[in-house]
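In order of appearance the chains are A, B and C, and numbering begins at 1 in each one.
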Amino acid sequence: MPLDVYLNVAVGGVLTGLVYGLMALGLSVIFGVVRVVNFAHGEMMTIAMYIAVVLFSALHVDPLVLLVPIAAVLFAFGYVLQAALINPFVRRPEHTQFLLLVALALIISNALLIVFGPDARAVQTSYALDSMQFGPVIVDTAKVYAGAAAIIVTAALFGFFRFTLVGKAIRACADNYTGALVVGLDVKRLYALTFGLGTACVGAAGTMAVLIIDTTPMLGPGYTLLAFVIVITGGLGSMPGALVGGVLIGVTEAIAGLLFTPSAKSMFAFGILVLVLLFRPQGLLGRRAA
Amino acid sequence: MSALLSLQGVGKRFRGLVAVDRVSFQVPEGAIFAVIGPNGAGKTTLFNMIAGALEPSEGTITFAGAATTGLTADAVCRRGIARTFQIVRPFPALSVEDNVIVGALLHRHDVGAARAHARALLQRLDLYDKRHRIAATLTLPDRKRLEVARALATGPRLLLLDEVMAGLRPTETDRMVAILRELNREGGLTILLIEHVMRAVMALASRVLVLDHGVAIAEGAPEAIVRDPAVVQSYLGAEAV
Amino acid sequence: MIGRFTAGVAPRGALLLALLFAALAAAPWFVNDYLLTVLIIILYFAYAGQAWNIMMGFAGQLSLGHALYVGLGSYVAATLFVRYGVGPWFGFLAAIPVAAACGGAIGYLAFRFGVAGVYFAILTIAFAEFARIGFDHFDFVNGTSGLFLPVSEHARTDLWRLRGSPTMFYYVILAATVAAFALCHLLMRSRIGYFWLAIREDEEAARAAGIDTFRYKMIAVMVSAAVTSFAGVFYAFFYNNLFPEQVFGISRSIEIILGPIIGGIGTLFGPILGAFVITGLAETLTSLMSAYGIDLPGAKQVFDGVCLLIVIVALPEGVWPPLARRLGVMKEPK
């Protein structure tokens, strides 16, 4: 196959990977601070996708315009979830919290199936079939927009953690829970806030994803797993790592889909997971496990 | 009397922080040897290296004539060194008896035999009547004795005790001292203990090592140590004498 | 031998168990075909849950990819039968090393590299998914088109080839569940059982007591995998068709854990009671819905999820321990 086909596919993979990366970033934020493994992560992304689809067919508004409101809805969802259901469970064994989210994931996926049915839904924007050309590279317009949006949202998130008081407070909690308590931070509220931020990322990623992928109710588990693979590959506790991991997985999947059958491409994500666990368990950008 | 445990130049570095700085000493078989020193002196790190929970950055540890440096914790236990933890760690959901049976099963394959041995140990440590209680429901002194019982069940030649007296009232301390002395005298058990409770150290130890900032600053008989000016200055204070 | 079996079992508990067994053994004479099928499904999950419990309840390793071993058992036995005419019992013997080897591989990767807790769970999910996609492309077993077992027209009972009426299958799965229960009972009182409990409680303290935790965790994983593979063999010969999506899918893995979690992880009877409760309730729901003409795919799973949620929030030990205490059959504390 000619080289420019590979190039196009790779660039497309990078852009898709940025969206994956944003989704994984949400997971990383949640785990890095609250230390909860959000097994319902993919399901929350699916919720966001359906909201985008429904609003699009009702209002005919471009999903990217809906980005902020959908992210806000998911933020509220995450905040309430953490405050009401997970915070009280902080003392329980680790697997209890995890199983709680497994149960939630099961409920969400199947509730979506009941409400929306199994058929795929697509969002047909005006530019859905267009492509853009940058020099020798040709990419889908939708992917370009999605990728750009992902970069903007991620930058905003980094800025939040770096420069705002709340962001710094959250990082303090992550670094030293007891210290944060001693200094008078309302850790429970900050946890809820952080979970909300994580789910807001997922909400944003989901809104972008509808431009690229068809929405079905059972996307959840696949995305949850993908998010974990990305976070582990990129490095736990590393936000840039989640992005790097996302892009890496995005490109690998795209190229693998080209070389082999498309349906086998997720096997490569798992292959990467195993390789990372074997040779560099802290991930590409992660810190050495304490 | 030959040395059962011998440390030569053992040190541990944590990325620039020297926790233990080339410590050497020998513990003769049948002795009770105490390691004292201020908090942060490196005592537990030293213990962890002997017990195999940490790998030394340098030096060698020899036990019963064979090197044990770098062996995993379970391998070290199988060689004959048992330990307790500074913050007690019994198996919380298991009964007192089952906790000790786990230890007894190390060198016994029959559960019945292990149970008999466990019961004998529980008798010795005044825990027999509580043998069916769940470990998590015990008081701190009882949990400490349980950990000692579990460690003893593995049939060690050397017992490492990490601040086993901490949190005990004077009567409980005396009881523990009596038990340990009995085990040492009648069972020939060699004991290496980290302690802050000087009452216990003076009553038990035949030899004391003092650590400060990871360095061994004094070693000798308890009476001599207690008067050593360096020790008094760094740890004991003049009133302790 | 019998002494080892009965030591420490409260007499009342043994009696209740015997009564339950008698009731189950006599069931085919009293229930209709539909209920018999429901009982078969309940016992299937009781068996699989019991096998899963060896890894989780005893050794503390959370596996969310147990469908992998069911699937391997199914495909190994079914392929040997369809292509070479090998009976399912030999198929099971062949499946055991395959399942154990996979379990061992996952265990090795996880334990050597310190992958524990929820990361271990993720690893198990990844492997099950890997198998699902892999088998989708595995033409030797027909991939996505599915593997079909030949069904004979006569209703004669052939235990050797596991062909026959639902009643035959019922007794097979009942016997298997009893065997699994007995195995777990013996394991729990053995030296290995004690070591597993110690590892589950506090792995570092277990190491300090001389236990080679790597070795015993590997044994737990491999035994659990091997025992689970029989569920796969049963599944293949009962349903007579296999699709990778159906067999290796993550929903299957989650179904397996429902029973033990609702019943009580780490207890002997928990997985069995849990299977009765959740499958019984779910089937009741499904029949009620079809009685009213409602067909809602996904409703059963929502119900499962809600039950799981309720148990996790309100009954952390599961349903069995509080019930056992009420009935006065709680055995000697473990």
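We take it that a residue touches a chain if its C-beta (ideal position, glycine included) is under 8 Å from a C-beta of that chain, and two chains touch if they have at least 3 such contacts.
Please read all numbers here as calculations on a predicted model, not as lab measurements.
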item	value
Chain contact graph, described as a line, ring, star, complete graph or other shape	line
Distance-maximising chain from subunit A - centres being C-alpha averages	B
Chain centre separation in whole Å, for subunit C relative to subunit A (CA means)	33
Intercentroid distance (Cα basis), subunit B paired with subunit A, Å	49
Distance between chain centroids, defined by C-alpha means - subunit B, subunit C (Å)	44
Subunit B-facing residues of subunit C, complex	189-191, 194-195, 197-198, 201-202, 204-213, 332-334
Subunit B residues touching subunit C - in the complex, by the definition given at the top	51, 53, 72-75, 77-78, 82-83, 85, 89-95, 98, 101-103, 105-106, 109-111, 114, 132, 134, 150-151, 154
For the subunit C and subunit A complex, residues of the former touching the latter	62, 64, 109, 113-115, 117-119, 121-123, 125-127, 129-130, 133-134, 136-137, 250, 254, 261, 296-299, 301-302, 304-306, 308-309, 312-313, 316
List of subunit A residues in touch with subunit C within their complex	37, 85, 92, 94-96, 98-100, 102-107, 109-111, 113-114, 118, 217, 221, 225, 228-229, 232, 261, 263-264, 266-267, 270, 273-274, 277-278, 281, 289
